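Dropping the structures in below, format is C-alpha cells.
Note that chain A is present in both complexes that follow, paired respectively with chain B and with chain C.
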Partner chain A sequence: MSAAVEEVVTEAPAVEAVPKRAMTLGTGTSLTVLALLVVAPLFVKNFIIFQMTMLLVYGLAVLALNILTGGSGQFSLGQSAFYAIGAYTSAILMEQYNVNYVLTLPVSGALCFAAGFLFGQPALRLSGVYLALATFALATAMPQLLKLNFLEPWTGGVQGLVVTKPDAPFGLPMSQDMWLYYFTLVITIAIYIASVNLLRSRSGRAFMAIRDNEIAASAMGIDVALYKTLAFGVSAGITGVAGSLGAIVVQFVAPDSYTITLAIALFLGMVVGGVGWLPGSIVGSAFIIFVPNIAESISKGLSGAVFGVLLFLVIFAVPHGARQVAIVCQQALAKYKRR
Partner chain B sequence: MPVIATRLAVASTALVLFAASIAAAPAADKKYDTGATDTEIKIGNIMPYSGPASAYGQIGKTEAAYFRKINAEGGINGRKINFISYDDGYSPPKTVEQARKLVESDEVLFIFNSLGTPPNSAIHKYMNAKKVPQLFVATGATKWNDPQNFPWTMGWQPNYQSESRIYAKYLLKEKPDAKIAVLYQNDDYGKDYLKGLKDGLGAKAASMIIAEESYETTEPTIDSHIVKLKSTGADVFVDITTPKFAAQAIRKAHEIDWNALHILNNVSASVGSVMKPAGFENAQGIISAAYLKDVSDPQWKDDAGMKQFLDFMAKDFPEGDKLANEPVVGYSVAQTLVQVLKQCGDDLTRENVMKQAANLKNFRVEMLLPGITINTSPSDFAPISQLQLQRFKGEKWELFGDVISGDVGG
Partner chain C sequence: MTQAQLAQRQDPLLAVRDVSVVFGGIVALNGVSFDMHKGQILGLIGPNGAGKTTLFNCLSRLYQPSAGDILMEGVSILKRPPHRIAEIGIGRTFQNVALFANLSVLDNVRVGTHARTSSDIISDSLRPPWVRRSEASVNKKVHEILGYLDLEDVAHATVSGLPFGTQKRVELARALAADPKILLLDEPAGGLNHEEVHVLGELIRRIRDERHVTVLLVEHHMGLVMSIADHVVALNFGRKLAEGTPGEVQADPDVIKAYLGSKDQ
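Moving on to the complex of A and B:
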C-alpha cells in the first residue's frame, strides 16, 4: 500500500539527478582557483580581505546545504539555525570560558552535527515542501530562543556577545584579517575535499540513490532513515563550523544576525551556484554578498526590487546556475581545442 | 598623442602650482585626517534601508537632503559634505562589512548616526580600535555614554533608561502606592526601558511592579496581553511598545474599560502615527515624555522652528513623510553635526571631531522642546538627557511640569 502512495509522491523528483562526476571541477581548474585564492589577498586592502573571508564562510554554509539538497535531495530553510548554534558556541566558549578559537571549531561542528542528526529524526516523516516548512520553523524560532532569559548569562541576550579577534600566531608578520583569511581558507579547502570524497564514497552514493529514488534505494539495501538523518547531521555540522568562523571574523554575535533572511540567502546561494554542484557554492556565496551591494548602488530606495530583478534575470537566463555557465564554457573550450 | 602631451603638461603644471601653494601657505592651522581636505569632508553612514527596520531609513534620507542643502549654501567653512550612506538591512554582520568599507575603502573621516543597537554593537569595538569616531549613534541604549572605555563612540538621543527613570520619579511622587503592570517589547529596547523603571523605583520596584508581560514584534496583535494585564488589578499601565502595538494597546485598554493610568514611552508618542489611529477619545489622559516637537501636534503650528523644518521638508525633501518622527530626528541630529563641524574649524582631525562633539554647551536645535539643550563634556557623552512630561488632552499633548534630567552613565 505504502509503495503505491510513495510512488505518487516521488513521481517528479524535486531535485534533478546530478551525476557524481559532474559535481566537482577538473584538477587543472581547481588548482587555478586555489592559486588565485592564495595569492589574491597579498595585493588587496584589508577590507577586501575581510569580504573574501566572508565569501569563504558563506561558501562553506552553501556547500553544506548543497550536500543536503544536491546530495540527498532534502530541502532545508533552517540552515541559519545551525549557523547560529555554531556561531554562539564559538562566541560563548571564547568569551566566557577563554577557549582558544581553533578548538571551538570542532566543538561547534560536533554540536551542530548532533543537533542536525536529532532534527533529522522527526524530519524523516516529511519530504519536499513539508520538510522545507518544518526547517523554516526552526529558523524562525532560533532568534527568539537565543533571547531566552535563562540563557542570557551565556548568550548575552538581545545585546549579543562581542568576540575578540585573534592575532596571527608564531609572530607571523601579517594582519589579523589576512591571518583569519588563510585560516578560513585552509579549513574551507579541507572541508571541500572531505565533502567531495564523501559524495564519491559509499555513503555519498547512498545519498544520491535516496535522492533519485527512495524505494529503489531501500530495495538495494540502503538504510534510508539512517542516511537521510546522516545527511542532515553532516550538513548541520559543516554549517556550524561556518557559523563559528563567521562569528570570529565578524567579531560579534546577536540574535538579529541569524534570522530567516540568512537561511533564505543561503538557499538562494545554492540555487544560483547550481544545485548539487559543489564548486558553485563559492559562486552562490559571491552572489549573496556582492549582488545586494550592486543593487544598492543602482537604487537606494529600491535596492530590494533591483535585487529581485537581478535574481530573476539569473534564474531566467541560467536556471541551473553557475553549473550551466561552467558547462557552456567547457564545451566552448573543447570546441576551440579541436579546431 | 599631442593631446595627451598637452594634458600631461597641464596636469604637471597644476601639480607644481599645487605643491607650491602648499609650500607657500604657512600650513598654519589646517590639520586633516583621512577623509577631510580643503574642499570636502567625507562622512559615512549606515542605515537599514531594507529589511524589518526599513521605516528608520527615512532618517538617513533626511540627513542626505539636509547636507545637500548645506552644500548648496556653500558648505561648512568652505568645505562640501560628501555623505556616503550604505544599507545594512539591520543585520549586524552586514553592518561590519559596510563600516569597514566606509573606513578602509571610502576612507571617511568618521561614521555618523548609524542606526540600531545590534548593528552599532557589532562595530563598537572595531571603531574604537581604529580610532575612528562613531558619532551620534541612532539608538537609545545606555552603553554609548562610556567615554572612559569607548572614547570614540557617542550617542545623541536621551537614552531609554533615563526616560523610564523619569516615569519612575513621577510615579513615586504622585502615586507612591501604585500597582504597576508593564508591557514591553522583547528586545534590547524593551529591556532597557524596564531596567530604567526598576532602577528608578529602587527598593520599591519589587512591591510596586505586580505584572510584567513581553511580546514579540512578530505577533499580529497584543490584545491578549492587555486583557491579562488588566486581570491583575493593576492601576498603572506602563506601555513600552513601538507605534503599531501602542495604538493597539490604547484601543484595547479603553475597549475593556481598564482605567489604569497609562504611561506610554516616547517612542510611540506621535500624534499622527499612534494617537490618531488609536482614536483620540481612547487616548485621553495618557502620560508620556518628549524632547522633540511633534509635527502632527497643532500647538506648534505657529512655531518659528517648526516653520523652518516644514520649509526644509517642502523644498529639500518633498518625498519624505513630514508627519513621521524620523525626519525630525534626522534633521535635528544633522544640525547638531553641522555645529560640531563648524566648531572644528580648520582642524579636521578625528581627535578634534570627538573633542568638539564633547564640547557642546547649551546648544539648541529648533525642533527640541523649549528649555531642552544639548550638553556634552569629556566625561559626559550623552548629548540630550532632558525630557518633559506631557499629558494627552483633546487632540494634542499638553506639556506639564519642569524639564527633567534623567542622566544615567554607561
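Moving on to the complex of A and C:
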C-alpha cells in the first residue's frame, strides 16, 4: 500500500493538467449521469443508499482537491484536516447547540474557507513536493488537536460525538437514508455547478494562469498570492461541507476517522479520476470507496496488498485516470457515428 | 518650470530617470535615463550583458532599481507591485514566450483582460447577470483581437501545440487584451527566420499606428530595430552609450566600437 501511494505522489506532478474546456462534461452525458443518480436509490437497499451517499460526499471532497491541484496547481495532503473541521463543526453545532443540520453546512463552509485561506498564507512560500509536505503536517496534527483536553467539552475527546440522524422533512414518505441521499445529491449538484462556473470565469482563469506560469500571470495583473490563497480557501470550504455531510450521514465523529489515510485516499481519488477533470471526482470517489471492499473480497488477509496491485494496474493502464477513459470513449463514439 | 513651459514640451509617457541596478557587487545598470513619447517605437539595443533585460525587468517591476526612478505619465511606478503594472497601461511579452501552456488561445487572451475587469469568487460561482455581461464583453474583445492578429483559426487550440511564431502572436494578443498604453517587447524577433522578422516588424508598426500603442522594443536584431524604431537608445556595460534616430545611433563611433571592437583591443 505504502509503495503504491509513493508511486502516486511522485507520479502526480508529471500528470498534465487538462485545458479548461475539457474540464467538464457535455450536456447529454451530464443529464444521463444525473438521471442515474436520481433514480438508482429507488431500487436498492438502505445500505447501498448509504454507500451512494458516501460516494457523493467523498466525490465533493475529491472535487475540492481537484480545484486546488488541477485548477491552481497546488498540492495538498492535508484535506483530511479541513474535512475534520467541517465534520466537527456540524457535530458540535447539532449536538451541543441544537442547531438544524441544514444550517450547519454554510457555517462549516465559511469556517473551513477561512481556515484554508489562512493556511494558504504560509503555504505561499512553498510549492510542489514541499507544499505537499507542509499540508501533510496539517493532516497529522489534526487528530491530536481534536483530542486536546480543554476542547473535550465540545469535541468529546477520544470518544468523539454521536450525531442524530435527521428525519425526512414535511412528513415525506421516505427513509432517513434516502432523504439524506437526496439532500446530499442536491448540495453536491449545486457545488458542482458552482465549481464549473468558477473555473470558467475570470477567477478560474486566474487560478489556471498561475498554475501554468506565475510570472506571466502576474504581468497580466493577477495577484498571485491572493488567488493562490483563495484557491486554498475554496478547496477547504468545499471539503468542509463534505465533512459536515459525512458526519451527518455516518452519525459519528471521532478524531481517528480523519487521519492522513483519509487525505491520501482523497489524493488517490483525484489521480484516479483525472487531475483537473471535475466529473472524474465521482469516479475517483467510487474507487476509494469500493475498491478496498473488492480487495477485501479477493483476500481478507492481504486486502492492502491487493488494493495496491489494483491501484498499480489502474495507474499503469490509464495514467490520466477516468478522464483518459472518457476521451477514448468519446473518440470511439465519434468514429462510430462517422461510419 | 511654469505650466506653460510644461505644456510646450510634450511630457514623456514614460520617463526613465538615472536608474541604477546593483546585484551583489556588480553594477548591471548605471544611471540610465531616457524618455519615451506617445506613439513612439523606441528601440533599446546593446551587446549581450549591456543591461537591456535588466532595464526591461525594472520596467515590468521584477527588479527594484537601487537608485533612480521610473515615471509613467509623471507618476512613479516603483511603489507598485508587479501585478499592478498592467492596470496603469504597461503590457509586456516575454523573451522565450511565457504563455499558459495548457490553456487554449482564447483563454490565454482572456487572461489578458484580467486587469481590465473585476469579479470575486462568489459572483463567479453563481454567475449573476452582471458576470455574464462582463464575460460577454470579454469574449467580444478577445475575438476582435484574435481577428486582428489573424488567430481566429487556432482560437480553440491549446497553445503548447502551436508553432513558435504563432505562440508569439498569441502573446502579443494577450498583451493587447489589457489595452496597454505601452507595450514592452522583449526580443520579439528571437527564434524567427528572416521572412518572419519582416512580417513581425510590419505588425509592430501596424499595432502602433492602429491601436495607438507606444512600443519599447528590446532587440538584438539590428535590422528590425533600425527599420521600425523612431528612436534608439544604445546601452553598453550598464551605461547609456548613445541615443537618437536610428541613423544617428548607427553612425555613433562608440556604438560601432561596442559592437565591432576597436583597433586598440
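Annotations
Criterion: the second predicted complex is superposed on the first by the 323 of 339 C-alpha atoms of A that agree within 3 Å, B and C clash if a C-alpha of one lies under 4 Å from a C-alpha of the other, contacts with A are read in each partner's own complex, and residues count from 1 in each chain.
Throughout what follows, a contact is a pair of C-beta atoms (placed from the backbone, for glycine too) under 8 Å apart; a residue touches a chain by one contact, two chains touch by 3 or more.
Since the model is a prediction, treat every value here as computed from it, not as a measurement.
Of the two partner chains placed by superposition, A:Met52 touches none, neither chain B nor chain C.
With both structures placed on the common chain, the touch criterion links A:Leu68 to neither chain B nor chain C.
In the superposed model, A:Val241 lies in contact with neither chain B nor chain C. By the touch criterion defined above, A:Ala206 lies against chain C but remains apart from chain B after alignment on the C-alpha atoms of chain A.
By the document's definition of touching, of the two partners only chain B reaches A:Gly304; chain C does not. Within the superposed three-chain model, A:Leu111 lies out of touch with both chain B and chain C [touch as defined at top]. The contact surfaces that chain B and chain C form on chain A in the two complexes do not overlap at any residue. Of all residues in chain A, only 16-21, 194-195, 197-198, 201-206, 208-209, 211-213, 215-224, 230, 234 touch chain C in the complex they form. Against chain A, the residues of chain C that register as touching in their complex are 60, 62, 81-87, 91-92, 94, 98-104, 107, 110-112, 114-115, 117, 119-121, 124-127, 131, 134-135, 138, 156, 158, 174, 178.
Interface of chain B with chain A (complex): residues 49-51, 61, 85-87, 89-93, 96-97, 100-101, 103-105, 117-118, 121-122, 124-126, 186-188, 191, 216, 218. Interface residues of chain A facing chain B in the complex, by the touch rule stated above, are 45-48, 50-51, 54, 140, 144, 147, 157-160, 162, 246, 250-252, 254-257, 259, 261-262, 289, 292, 296, 300-301, 303-304.
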